[in-house]
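Got some structures for you, see below.
The two complexes that follow have chain A in common; it is paired with chain B in the first and with chain C in the second.
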Partner chain A sequence: MSGKYKQVAYYPGCALEGTGHAYNRSTRELGKALGLDVVELKNWNCCGAMEVKNVDPKLQTYLSARNLSIAEAMGFDTVMAPCNGCYHNLKKAEYDLSHDAASREVTGRLSRKAGHKTYEAGKVTTIHALDWIKDAIGEDGLRARVKNSLNGLKVANYYGCMYTRPRHIFPEKDKGPGSESTSKPHFMDDLLAAAGAENVEFPLKTACCGGAHTLSDSDTSTKLVLNILTTAEACGADVIATECPTCHTGLEMHQVRAEKVLGRKTSIKILYFTQLLGMALGLSARKVGVQENLSDSSDLLRARGLG
Partner chain B sequence: MVPAGMKDFDEIGARIDAILVASNGALAAAAAAHADELLSLGEAILEAWVAARGEAPTDIKVEGFRLLALQRQGAHGEPSFNACRETCRELVYHHNLVRIDAAHADVGRRLRLGAMVARHLMLFVGGKLEVAGLGEFCCSAKPLRLQEARAQTTETV
Partner chain C sequence: MPIHEKSLIRPENLVTHEHLELDGVDVSGHWSTFITSRAVTDYNEQMQEEIASLPGGEFIHRCWQCGSCTNACTINAINPDFNPRYWIYLIRMGFEDELLRDKDILWQCVSCNRCTYACPRDVNPEGVMKATAHWLELKGHTEKKPSTVFDEAFSEQVFATGKIEDGRVLRQFFARTGQSLFQDWLVQMIRGLVSRLPVGLLMKLGFATLKRPRTRGWADASAAIEEYVEECEANARKALRLDMQGAE
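And then the complex of A and B:
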């Protein structure tokens, strides 16, 4: 263990208190099992997700800046966000505050009005849960701790479209060996392989799942998700591993809807990477919240001796 | 929805489905041609998007592929369209994979995966075209009604 990220500020975001609760639970349990501490931001607010961005992008920058300001006030220089939407928005705020005077002006004005210190770019680094495990523990560290290998489990790693996009807000990526790739991300693949999983070649790992269509045009979302599910099955995967609560919920919901509305049944299971790693470390399925998933993977996990 | 002279999305979907259900033998017998067809179907999908925005689809190539140039053109001023950038690159990858070794034992599977990638592109662009007449839906992009949002920016907050 490198000692890096031994203790980080934790920004779960709204989704992890709702539909993504299993991700929250499994992230915390995984951290505990690995000896890593997460300290939740006090009185955090919504990152603005897509709604605020659509109405007022600078207000959204402020919302994320406030969360970063809380992390700084709590004495942290790193905040970990497991949700792709939150992660993206914190990174985008960091970028905007570095490059856009108008964003700085609005954030400063709203911070003064709200009565807290104005966040200045560069004070806090935002990382994803994947960065956290990869940098704090690494593949070798993980391999050494595996009690229940994922050996034989074929996994399609699905990152979604917000983990790497737009590229300019992720200056640490695409820096060669050891860094994450925006065109072909691999951190989740690396970690799950270290836990024994067999990653399949999956061409839609960063494809759009139609998440934002869900309410306005559900059929499009269902078709996009169905294509992701059938492609993963065609690649030979037993499981799709996810690292975003919105993607995860979308895959699960539209898997059910595809069967109901389009009459297309798929049997692939959907699990958070934190659940898979947790079970590889010997945690029970219940401990990592598998029972909270919509996708029932109990048969598969039993057959593999997991959980 | 699709401008005259261009392949209709139903027609494109039918061609993709034909590759998906073809036998390994049939795919292997004309592997290079199928790979080229998938690439041109991808181009037709992007042409529809570009043309619907009132622009002439480009004929230039990026990294040797018109598909990538069209994707770049389609994303100009429309950052959410970059959600299909890697899908296009995957389509190019699968095209190259088949073209570099059209006699490979796994060529049928490679073509089918390429067809699934092409289908994803079609669904993505189809959704984009359908929602709000070229409107914005992507959560990772510039805001809906950007101009209005700018006009109203935080003055009201």
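And then the complex of A and C:
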């Protein structure tokens, strides 16, 4: 353990206070179990998700800049966001503020009118919950702490869109050995393997679940999700591990919808990677919020002696 | 023939003659199918510039038609008519009528950014799709599509309170699009969840729908954002010459 990220600013975002409640709970519990401190950003605001940018992208940059300025004011140089949408938008804001004068101008103007300090690029680094565990604890550190091995549980690791695309907003990725890959991400695979999971070869790691249109174009989303679910099953997985609340909820919702509307039933389970890691560290299923998921994985977990 | 000239070989533009001789040469039948001659006179010469003036459309001029976007596209894989490369071609050529044939599917871009990832020219095709979808709506070619209705319901909450509550977004969206909240798949999902959740958490979640989550001291930010949104709208109207059209 490197001592890195022993204490980070924490940006849960709106989804983690709503449908992604279980991800919030399991992330906090995982941190506690690993001795990592998370300090929630004071009085944060929504990052704009996938929607505000369609009103105007610079508005979305401002929303993230406000959150980054809070982290800075609290004395942090790192903010950790478990939600892919929040993570992506903070990264995007960081990129735009260092490359685009018009974005800087709008952010400055709105920050002044709103009465807070204007965030300047380079002050705060945004990391994902995956970076957090990977860099603070690492595979060896996890292996040493596993109390209840996932014991060959077959997992398809699903990262979704916003963790890797577009590539230019993630300058630290694709830097060779040890860094994350945008074409074939592996940080979640690495961590779950250290906890005893057997990762299946899954070609749809970064496929889209249709999350942006999960309600506005639900037939399309159902088709996209069904493809992900059936492919994971065909690859021999028992569980899809997720690291984004929108993907996670999308998979769960459209698993039900595919059955009701298209008559296509799939039985694969959907769990946050933080829930799987937490249970491997000996936390109970209840403690990591498995019962708060929209889908029910209790049968599988009981059968595997987890939770 | 480049693939993007596929409009030329649409069935209504093909002619086959049962008996036809031209200069003593027999050109009857399927082997001598003709393409009806085309003379385009109604190019929309402003279309590219207008779309480029909307957020996301800025770099459309960089496109050299390699097709990487369409090849990578999530939606193209389930609907071959969804073709970003083709639409960019039509916009750059000014073929408005051809673009309008696809006005009811263009909004379906899911912003997965596979196109942006693949594009060798940094066109930002995802942004171009959003700009084009907005252009179609602003010009009155289509009504507000469900994605825009959703974006607006969502954004209005963020602008007003600084945060969103996902249950409220869902209810608002269904109300604004005239759909019932009691879709059977949704009901089944919620029933399953309720049967498993501890009572305490259920009460907490129920409470959240009554007491809206909000960012404290948001009023100044909210006012600044609203002012900026108005400015963006005015710029878009000006770039698309909408007010001038109204005055004519």
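Heads up, the rule we're going with is that the second predicted complex is superposed on the first by the 307 of 307 C-alpha atoms of A that agree within 3 Å, B and C clash if a C-alpha of one lies under 4 Å from a C-alpha of the other, contacts with A are read in each partner's own complex, and residues count from 1 in each chain.
Convention: contacts are C-beta pairs under 8 Å (C-beta built on N, C-alpha and C of every residue); 3 or more make two chains touch, one makes a residue touch a chain.
Computed from a predicted model, the values in this text were never measured in an experiment.
S.K.: When the two structures are laid over each other on chain A, do chain B and chain C clash or fit?
M.R.: Pair status: clash.
S.K.: Would you check which partner chain A:291 touches, where first means chain B only, second means chain C only, and both and neither mean what they say?
M.R.: second
S.K.: Where does A:118 make contact in the superposed view: on chain B (first), on chain C (second), on both, or on neither?
M.R.: neither
S.K.: Counting residues of chain A in contact, which comes out ahead: chain B or chain C?
M.R.: Comparing touch counts on chain A for chain B and chain C gives C.
S.K.: Touching A:78 in the superposition: chain B (first), chain C (second), both, neither?
M.R.: neither
S.K.: For A:49, decide between first (touching chain B), second (touching chain C), both and neither.
M.R.: In the superposed model, A:49 contacts both chain B and chain C.
S.K.: Mind working out whether A:208 is in touch with chain B, chain C, both or neither, as first, second, both or neither?
M.R.: After superposing on A, A:208 lies in contact with both chain B and chain C.
S.K.: Please indicate which partner A:260 is in contact with in the superposed arrangement: first for chain B, second for chain C, both, or neither.
M.R.: In the superposition, A:260 touches chain C alone.
S.K.: Which partner does A:57 contact after superposing on A: first (chain B), second (chain C), both, neither?
M.R.: Both partners, chain B and chain C.
S.K.: Looking at the overlay, what does A:149 touch: chain B (first), chain C (second), both, or neither?
M.R.: neither
S.K.: So, A:181: does it touch chain B (first), chain C (second), both, or neither?
M.R.: After superposing on A, A:181 lies clear of both chain B and chain C.
S.K.: I need the one stretch of chain C that runs into chain B once the two models are overlaid. Options are 23-31, 113-121, 149-157 or 167-175.
M.R.: That would be 113-121, the only stretch with clashing C-alpha atoms.
S.K.: By the touch definition above, which chain A residues appear in both interfaces, chain B in one complex and chain C in the other?
M.R.: Shared contact residues on chain A: 49-50, 53-59, 62, 106, 109-110, 161-162, 165-166, 207-208, 210-213, 216-217, 220, 223-224.
S.K.: Across the complex, what residues on chain A touch chain B?
M.R.: Residues of chain A touching chain B: 49-50, 53-59, 62, 85, 88, 106, 109-110, 161-162, 165-166, 183-184, 203-204, 206-208, 210-213, 216-217, 220, 223-224, 227-228, 230-231, 234-235, 246.
S.K.: So in the complex, the part of chain B that touches chain A is made up of which residues?
M.R.: 79, 82-87, 89-90, 93-94, 109, 112-113, 116-117, 119-120, 123-124, 126-127, 130-131, 136-140, 142-145, 149, 152-154, 157
S.K.: Can you check the complex and tell me which residues of chain C touch chain A?
M.R.: 55-56, 74-75, 78, 108, 110-114, 116-117, 127, 130, 134, 145-152, 154-155, 158, 162-167, 170, 173-174, 177, 184-186, 188-189, 192-193, 196-198, 201, 205, 208, 213, 215-218, 220-221, 223-225, 227-229, 232
S.K.: In the complex of these two chains, what residues of chain A are touching chain C?
M.R.: Checking each residue of chain A against chain C gives 14-15, 17-19, 21, 43-46, 48-59, 62-63, 66, 106, 109-110, 113-115, 161-162, 164-167, 182, 207-208, 210-213, 215-217, 220-221, 223-224, 252-253, 256-257, 259-261, 291-292, 294-296, 298.
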